[in-house]
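Scrolling down, you'll hit the structures one after another.
In what follows, subunit A forms one complex with subunit B and a second complex with subunit C.
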Partner chain A sequence: MAITSIKNLKEFSTANDRFEGAHLLCPGCAHSMIVRELMNCTDDNLVIATNTGCLEVSTAVYPYTSWDTSWIHIGFENAATAASGAEAMYKARKRKGTLKNPDAPVKFVAFGGDGSTYDIGFQWLSGAVERGHDFTYICLDNEVYANTGGQRSSSTPIGASSTTAPAGRVSYGKKENKKDMMAIMAANGAHYVAQVAPNKWKNMAQAFQKALATEGPCYINAISACTTEWKFDAKDTIHISDLATDSLVFPLYEIVGGHELNITYRPKNIIPVCDYLGAQGRFRHLFKPENEHVLVEWQKRVDANWERLQRREEARV
Partner chain B sequence: MSIGNVLGNDKRGRIELGAEKKVGWDEVTHGVVLHSFEDDATDVSSRKAEDRNYAQFSSYVATVASWRVIKPVYNRDICIDCQNCWIYCPDTSIISRDKQMLGIDYDHCKGCGVCVEVCPTNPKSLLMFAEAHNPEDALASWPEKKKKEEK
Partner chain C sequence: MALKYDLQEVEVWDGNYAASHALRQAQVDVVAAYPITPSTPVVENYGQFVADGYVDGEFVMVESEHAAMSGCVGAAAAGGRVATATSSQGFALMVEVLYQASGMRLPIVLNLVNRALASPLNVRGDHSDMYLGRDAGWIMLDAFNAQEAYDMNLCAFRVGEHMDIRLPVMVNQDGFITSHTAQNVRPLSDEDAYKFVGEYVPVEEMLDFSRPVTYGAQTEEDWHFEHKARQHKALIDARPVIENVFAEFEKVSGRKYNRVESYLTNDAEVIIVALGTTVESARVAAQYLRDNEGIKAGVVAPRVIRPFPFDAIRTALENCKAIGAMDRSAPGGALGMLFNEVSAAVYTISSRPLVTNYIYGLGGRDLTMEQIKDIFRDLKKNVDAGYITTKIQQFIGLRGPKLEFFETRRS
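The block that comes next holds the complex of A and B.
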């Protein structure tokens, strides 16, 4: 059936899955929850570009593909490049009248990890957004280079232990703050920018549908809890995501037209940041007495960010 | 070996650059393409898995059942068809049709246990058991409804 507006979960469950099982992502991986939902919230044809990372290497292991749509695998830095190139070609062929099926609705989507989005593919993403291609870029943000064994990226948060910024006797892990891709993409000229999390499935579906319906470049930062690198039990992916959104470590909001900021989810009970950090092995060392100052700083930073977002929302600028 | 022999045997200089057949940017040969379906796939978003003609390249025809050490067992008697398990399953392994939960696709389920965690009924309508556990025994030993204070 046509999925236009998703009223409730029962109705949504009538969607016909286009992301197949027997991919090789870890049990409980949030990447696939996000990808499945994107593909379920539209009936349009999809052209999806995915660069190297857990999603790509696990969903196209020769001789199998898990994708029931047009799907392009491309090098690490080029998800945005492939999607924008396909979009430009599609437009040109439409103009020339050489498309087989010119009236079929088609959407262009790129998936990249945080390593490729925040770091290595940053310049190419920025270029594709600046050129104004009609596509949606979705970052599967698990805050680490997961596929190569857990190196820190510029999305890795303060205090997380990673293989290239490990916690130990002299260090509490990463010292630098997570890069603010939402602000960067809004400033870069993305027409619609949103932060989403799979536990808030309706919020996420609405953001996906808005992005797909918006003409021009859109950016979605999707929080993707990683059981392997964040170090929690595979069954707890949704629980950890709940802690992330309800502690406001990952506030859910959108930025429309580069400036209009709307908070799209307000937790009824805001929980302490420590509840979120304490549930994951990558932050375990922060609970040693000598690292208490890091926990104090974390809560202050999250509070200040929430205050900032609320003021931006109020100011309507 | 003389130089003449070497040059005589190799293929250098045979093709004049610029003399190849030119192809336009929209005629370039495809790289490797794996087709998910045997037939035309343009209406795939309006077809259920059972009405699709999957090709041998779709991972739908493969299985990851051997990954499991524990498996979810489904108890229809308690289920309220809320579809929480459907939306959160990372392996497209909850079979829902016409807003009803029908069961688990054990070819694709990896036994992560997410579906059990998100099931809201009391007792749960999905519970994890050892892979070798007999489903009838599992259903026969299903826990009773928990009272508030025991939760």
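The block that comes next holds the complex of A and C.
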């Protein structure tokens, strides 16, 4: 039963589950919450492609699988293309009348981490979106190559310490800004683009349902707090996610048709960025006196981005 | 419904056009492809067939060869007939996914129009790309001319989609010499071709939601070995299946193919083993030497490169005295692939023939009839001397001083 009829979190937690709980993801990992919600928010048949990454290595270790639906993993970079191929085959077979259940609704979904989305699979994703396949790509954005033990990605934010951009005596960690995949995907021609977070689960389900209902390529950037690499207690995943959305480090918004921007969540009380950064080990070094300027820049950047999003929303262009 | 294409009994097609017609007649469900010289016309012609209504399937022009094979894997797992084409650097780019396609046991047909690998950049034909793919777990067929490029494609679907096999198949043809040279080709009618290839039968398909499937699982030291061993077994077991498909193809076409093609080998003392267009040149040279110089020359050519026809090669070579294994790929500090594999096959013959290795034609360098005759004459010298009179590996048709490597031992 899909989430459309589920009123509260308790009901959601006992909904029909196509993503089996017995997987190998870390306790407190947000990936499973996002994936589970995607699969629970529709009754349609799902063909899911997954890039190599935490999700893939934790859910399909032979002879077991967590996927009670059609699922494929090829490589690190090409889930979007696997979904493209499957979607093309669906169209061809539907036309030729060779499908076993020609009338059953089918949705094509691809999952990737930020490593495979922002970096190594960027071209494959861009190509699939440009070609206009009817599929939804969901990036499980934990801002680091978590599967290989915490190396920087182009989604890793400024000042985070990672194993390949570590903080040290003369470095505050990563020096480069996070890539803006939302803007890139909107410009790339994705029909629907949304940023979601698992703590705002109704908002997330709505975005998923919109994406699945939209014909053509859609992109969802799902914030996935990583207990292991962000360095917070496994019980605090949702708390950290709340800090992320309420500090506006991860504003929740959508871009429809490449231009119409809507902010989908406005925190009642906007909290300082420092509260979010201070709750995670990966930013601990920023609180040393010599790195104070990084914290100041962080707050300024988040404020400027929020301002930009609001102006874009007002402009309706 | 796809339109029927009116074909003459004899068409004038190059290898690329012949291959694209075979893909059209097989009514491939999804072609995901990216163009690269010299295979581009396979994809272009197919695109035109789609545009003109001769194909019902989907034609997905992706953004790279890696994506082409990735799209093919996704499509094949969704339960339909899939094909593509590439060459050289494009093939190199898709290598990662080649292993995934065969590991997932997906019967994809790939036309590999053979071309050199850079650097230096080169668009001409040699077999570097073919050799790069030889351990990828695919069935590999070799066409020596345009007719065979057509025939091998039709056979490839039958072999790869066979219920006991379910493996991807490469059809090799020489870049330009085959792919761009118009020749007489006798196609089957659309009806006969499709009847021969047959309806695609899906296995473990992602679009049958009554039985969810997981493709591309992870296996570590506990299961990986078993999977790869079974894949190898499927390749080895493909040998009789390929023979049966060739026999059935003979019934509909009148053209007979074998896993190893032998020419004038019954009484041959000296035999050249080669691939691609060199096979036909060597046959002409062998006939000439028999007629004019009394050299009992023959030619052996693997039609099937993988699964390696160890048994059939050995049978074809067991009565000869000297073999020239011709490799059209830079050997990279070793002996050539054909030399190594042919040597392995004849090593178990009690009267072991003398095997030498000729590296030739890299980057499209022409191989002349005179050079082939000289190889046969070299082999004859070895037979008369009873030992290899040169070094084991020689470079043929190279500018500058002669290059030869690997000493022989006379006793």
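Criterion: the second predicted complex is superposed on the first by the 303 of 317 C-alpha atoms of A that agree within 3 Å, B and C clash if a C-alpha of one lies under 4 Å from a C-alpha of the other, contacts with A are read in each partner's own complex, and residues count from 1 in each chain.
Basically, a contact is a pair of C-beta atoms (placed from the backbone, for glycine too) under 8 Å apart; a residue touches a chain by one contact, two chains touch by 3 or more.
Predicted model only: the values in this text are computed from it and were never measured.
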item	value
Subunit A as common anchor, with subunit B and subunit C clashing or fitting	clash
Partner chain(s) touched by A:269 [first = subunit B, second = subunit C, both, neither]	neither
Touched partner set for A:89, first subunit B, second subunit C, both or neither	both
Which superposed partner A:77 touches (first subunit B, second subunit C, both, neither)	second
Partner chain(s) touched by A:99 [first = subunit B, second = subunit C, both, neither]	second
Touching partner for A:11 - first (subunit B), second (subunit C), both, neither	first
Which of subunit B and subunit C A:68 touches, first, second, both or neither	both
Which superposed partner A:123 touches (first subunit B, second subunit C, both, neither)	second
Touched partner set for A:56, first subunit B, second subunit C, both or neither	second
Subunit B versus subunit C as contact partner of A:131, first or second or both or neither	second
Subunit C region in steric overlap with subunit B, selected from 75-83, 219-227, 381-389 or 399-407	75-83
Subunit C-contacting residues of subunit A that also contact subunit B	45, 60, 62-63, 65, 67-69, 89, 92-93, 98, 101, 104
Subunit C partner contacts - residues on subunit A that touch it in the complex	45, 47, 49, 56-57, 60-63, 65, 67-75, 77-78, 81-86, 88-93, 95-96, 98-101, 104, 106, 123-124, 126-127, 130-131
Footprint of subunit A on subunit C - complex, ascending	29-30, 32, 56-58, 60-64, 66-67, 70-80, 82, 96-97, 100, 200, 202, 206-210, 212-220, 223, 227
Residue ranges of subunit B in contact with subunit A within the complex	25-26, 32, 34, 36-37, 41-42, 44-49, 52, 56-60, 62-64, 67, 81-84, 86-93, 96, 98-99, 105, 107-114, 116-118, 128
Residues of subunit A defined as touching subunit B within the complex	1-2, 9-14, 16-25, 27-33, 36-37, 42-45, 59-60, 62-69, 89, 92-93, 98, 101, 104, 198, 201, 233-239
